[in-house]
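Pasting the structures in now, so scroll down.
Presented sequentially are two complexes of chain A, the first with chain B as partner and the second with chain C.
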Partner chain A sequence: MDNLTALHIDALSEVFNIGAGRAAASLSEIVSEEVKLSVPALEFRKCAEFNEKVLSLDQSQLGVVRQQFSGALNAEASLLFTEDSALEIMRDMMGSHISIEELAEFEQEAMCELGNIILNACLSAMSDMLNIQMESSLPSYTVCNAEQLIQDIIDTPDQEYIMILHIDLEIERRQVNGKLIFLFSSSSLSTLRIRIDAFLNNI
Partner chain B sequence: MNSESNAKISLLIVDDSRVSRMMIRAFALDKHPDWQITEAASGDEAIKLVEQQHFDYCTMDINMPGTLGIVAAEQILEKFPAMRIAIFSANIQESLRSRAAELGANFVAKPVTEKSVGQAIAFFKGETV
Partner chain C sequence: MNNNPVEATRCDLTQVIDALNNGIILIDSQGHVLLWNQWMTRHSGILAAQALNRHLTDVFSEPLPKSFVAAINRAQSTRLPVVLSNALHKFPLPLFNNGNTVERISQSIILSPLRQEQGEWHCLIQVTDSSTAIKREKMLREHSELHKKDATTDPLTGLFNRRFFDAQFATELLQAQRQNTTLSLMMLDIDYFKNYNDHYGHPAGDSAIIAVGNCIRNKLQRSSDLAARYGGEEFIVMMPNSTEAVAQKLAESIRQAVADLKIAHINSLIAGHLTISVGVSSYTPGKKADTVTFLKNTDLALYAAKQKGRNQVQFLPL
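Showing the complex of A and B:
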C-alpha cells in the first residue's frame, strides 16, 4: 500500500488481534469450548487487484455476512467462511437439540449473529484503541461463489481499497478458515491513517 | 519489594507486535525510568534470551508465530521459577486465564494501556492486583 507504513500495519494488526480475541471469548462462551486463534495476518490492496489467489480460500462456495459501517469512516465489512465451516459453527452454536430441517431454517439468523459478534468485536477494538466511532447496519447473510463475490467487490462504486484479515479459528478440533474483508474509499483510508498516526504519536 | 541490591530491575517484553512492545516499554519506563528493558518478538527468542541473561520480570503475549506465549512462559518458569511473568493477551478466554493462574503467572487482558501495564507492574512488585 502506497501510504501505510509497516508500523501502521503493525498497529492495525494488533487492533484486530484484540478484536479477534474478544470475538473468540464470546464464541467460546456460546459453544462452551476453547476457541483457538491463529495469528491474524493483515493485507491491504487496491480493489482492482483483488482475486481468488489473494482471497486464498480453497472452496468456491462461501457464506458471507455483510455489514455497513458509517461514522468517522465509512466501510463495508464482510466476514467470509467456506460454506461447510459455516454450517459446522452453526451446529456448534445451536447444540444437538436441533434437527437438520430446523438448522436450515435458522441458518440465516445464526450466521448473522455470528457475523455480528465477530465484526463488532473488531469494530469495538478499533473504536477503543484508535478512537474511531462507527455505527453499523444490520448484518445480512448470503451464500455465493468466490468468483461472484470478487466481481462484486471490484465493482463496488467509490470503494477503492480492500483490507483483508486472514484468520483461522479452531473449535472442537474443527478447523474453520475465515476472512474478514473491509472495503474503504480513499478518503476513509486517509482518515484511518490519520487515526493510526494519532495513536502512534501517543506512545 | 525491598531494594536490597543496587542491581537494576530487568524486564523482558515478549510480543510479535512492535507497537505493543513500544507501548509496554513506554508505560513501564514512565513509572520506572531506571528499569532495563529487553524486547523479544517471539516465544522462541524469549526462551533463548533467558538462558543468556537474568530477567526479574517478563510480559508475554500469547498469540505469536512459533511457540505460543503460554507454552514459552511454562518452559521459562520451569527453569526460572523466581521470574515474575505477566501474560499479556488479546485472547481473553477463561481457559487461558486459568492456565496462566496454574503456572503462577498473572493474566492481563490487552489492549496495552497505562492501566493494564500498571496491573502487570503491581503483580511484579508483589502488590495486590
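Showing the complex of A and C:
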C-alpha cells in the first residue's frame, strides 16, 4: 500500500479488535449468550483494484448494513454478510424470542441493530484511540448482489480508498464470517495516517 | 405578534413535537428528562410535568430493562446513533394503548445523540409503535399462505389439484429412480357419472364427488400418500414406497368404501348405487419409465377396469 505502512495497519488492527471486543460484549448482553467477535485481518486498497476476489465472499447475495460517518474523517462504512449467514445470525440471536416464520419481517430492523452495534463499536474505538471525532447517520439495511456492490464502490465519486476488515463472528458455537468495508477519500486517508502516527508516537 | 423568526419556530416546534405520532424523549448527558411529548403521556400515563428534570430510570414505575439502559449508555459514550429493533427488544418501555395496562405496545426505538451549542451532548429517544407494521406483515403472510393453499387445492373436495399433483409426481418419480424404491399410482373414476349428473342434477353430482373424495382421504394411511382430483369425476393417488400388492389392497378398500356409501344411482348400468373403477400401476426399481408412460399405463389399467365391467380394481404392470 502506497500510503499506509505495515505499522499503521497493525495499529489499526489493534484499534478494531478493541472495537470488536466492545461490540461482542454488547451483543452478548442482548442475546444472553456468549458472542465472540474478532478482526483477524485488515487490508487497504485503491477502490479501482477492488473486485470480488478481494471480498472473498463465496455467495453473491449480500446483506449490507450501511452508515455514513462524517467529521474529522468522512467515510462510508458497510458491514457485509452473505444473505444466508445474515439469516443464520438472526435466527441464533432471536432463537428463543421468535419463530423462523416470523423472521423475515423483522430481519431488516434486527440486522440494522446488529450492524449498528458492530459499526459503532469499531468507529468509537477509532474515535477514542486515534482521537477522531465523527458523527453518523442511522443505519440502513439492503440486500444486493456482490457485483452490484463492487460496481457501486468503484463508481462512488471522491472515495478512492477502501479498507476491508475481515470479521469473525461466533454466536452459540456457530461461526460466521463477514466483512466490514470503509470507503475513504484521499484526504480522509491522510488524516487517518496523521492520527495513527500521533497514536504511535504516544505509545 | 412574535416577529422573531427563531422564537416563532421554537414555539411551533413544541406543538409539532406534541403532535407527532411517535414518542419523543430528550435527556441530558446525566440522563435527566428535558422533553416528554404528548404521545409519551398518552401511552405511559405519565405527564410531562411528572417526567421533566427527573432521571429517566426513575420516571417509570418499574426499572428499565438492562439492554435499554446499556443502549443509552452506548449512545452517550460513543455519541453515535443506536437502534433498538423490535425483534430483539419487544417492549423495552412500559407503554400501553388506551388505558390497557396489560398488553404493551410493540416498540422500535432510535437513540440519537445531539450536540448542543455549549458542547454538551443530549440524547433524543424516538419510540415508534411497531404493532401496526407487525399486524400488516402478519396479515400479508396469512394471505400469502392462503393463496399458496388455494393454488394447490381443489376447492370442491379439498384434495390437492392436478397442478400440484403433476409437480409432486415428477419429483417423487425421480426420487424413486434415484433411491431404487417403489412408487405406485392409482386412478379412480366414478362409474356412469354422466348418467348420475343427468338424472340427479349438478349439485348432487358435486356431492357425489365430495363423498368419493372423502372415501379416498379416509383410506389413506401414510402421510407420504398424496390424493388429488385429476379431472371432473376422476381422482389420482400417488403412493411412494408402496408395492403393487399394498396399492391394490388400498384401491380395493377405497372401492369398497364408495360402494358401502350406497348412494342411489338408478341410471347406473351395473348397480343401483354409486360405484367406482380403479386402475393401479407400480414403478419398481430397474424399470425405465417417465411420468407420461407411467400415467398412461395407469390410465390403461383404469380403462381395463371399465372394460371388464366397472366397480373393480385392475392392475397393469409397467
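Basically, the second predicted complex is superposed on the first by the 194 of 203 C-alpha atoms of A that agree within 3 Å, B and C clash if a C-alpha of one lies under 4 Å from a C-alpha of the other, contacts with A are read in each partner's own complex, and residues count from 1 in each chain.
Definition applied: a contact is a pair of C-beta atoms (placed from the backbone, for glycine too) under 8 Å apart; a residue touches a chain by one contact, two chains touch by 3 or more.
None of these values were measured; they are calculated from a predicted model.
**Student:** Check chain A with both chain B and chain C modelled on it and let me know: fit or clash.
**Tutor:** They fit side by side.
**Student:** Looking at A:158 after the superposition, I want to know if it touches chain B, chain C, both of them or none. Which is it: first, second, both, neither?
**Tutor:** Neither partner.
**Student:** Who does A:147 touch here: chain B (first), chain C (second), both, or neither?
**Tutor:** neither
**Student:** Answer with first, second, both or neither: which of chain B and chain C does A:20 touch in the superposed model?
**Tutor:** Touch status of A:20: first partner only.
**Student:** So, does A:39 touch the first partner chain B, the second partner chain C, both, or neither?
**Tutor:** Touch partner of A:39: chain B, not chain C.
**Student:** Anyone got the angle at chain A's C-alpha centre between chain B and chain C, nearest 10 degrees?
**Tutor:** The vertex angle at chain A equals 120 degrees.
**Student:** Decide which partner touches more residues of chain A, taking chain B and chain C as the two options.
**Tutor:** Counted on chain A, the partner with more touching residues turns out to be C.
**Student:** What is the contact status of A:138 with respect to chain B (first) and chain C (second): first, second, both, or neither?
**Tutor:** second
**Student:** Once superposed, minimum distance in angstrom between C-alpha atoms of chain B and those of chain C?
**Tutor:** Taking the overlay as described at the top, chain B lies 15 Å from chain C at its nearest C-alpha.
**Student:** Across the two complexes, find the residues of chain A that touch chain B and also touch chain C.
**Tutor:** On chain A, the chain B and chain C contacts do not overlap at all.
**Student:** Across the complex, what residues on chain A touch chain C?
**Tutor:** On the chain A side, the touching residues are 26, 29-31, 90, 93-94, 97-98, 101, 105-107, 109-110, 112-113, 116-117, 120-121, 123-124, 127, 133-139.
**Student:** Which residues of chain C touch chain A in their complex?
**Tutor:** 66-67, 70, 74, 77-90, 108, 110, 112, 115, 133-134, 137-138, 141
**Student:** Where on chain A is chain B touching in the complex?
**Tutor:** Those in contact with chain B are residues 7, 10-11, 13-14, 17-18, 20-22, 24-25, 28, 34-35, 37-39, 125, 128-129, 200, 203.
**Student:** Help me check something: in the complex, which residues belonging to chain B touch chain A?
**Tutor:** Touching chain A: residues 16-20, 22-23, 26, 63-65, 89-96, 110-111 of chain B.
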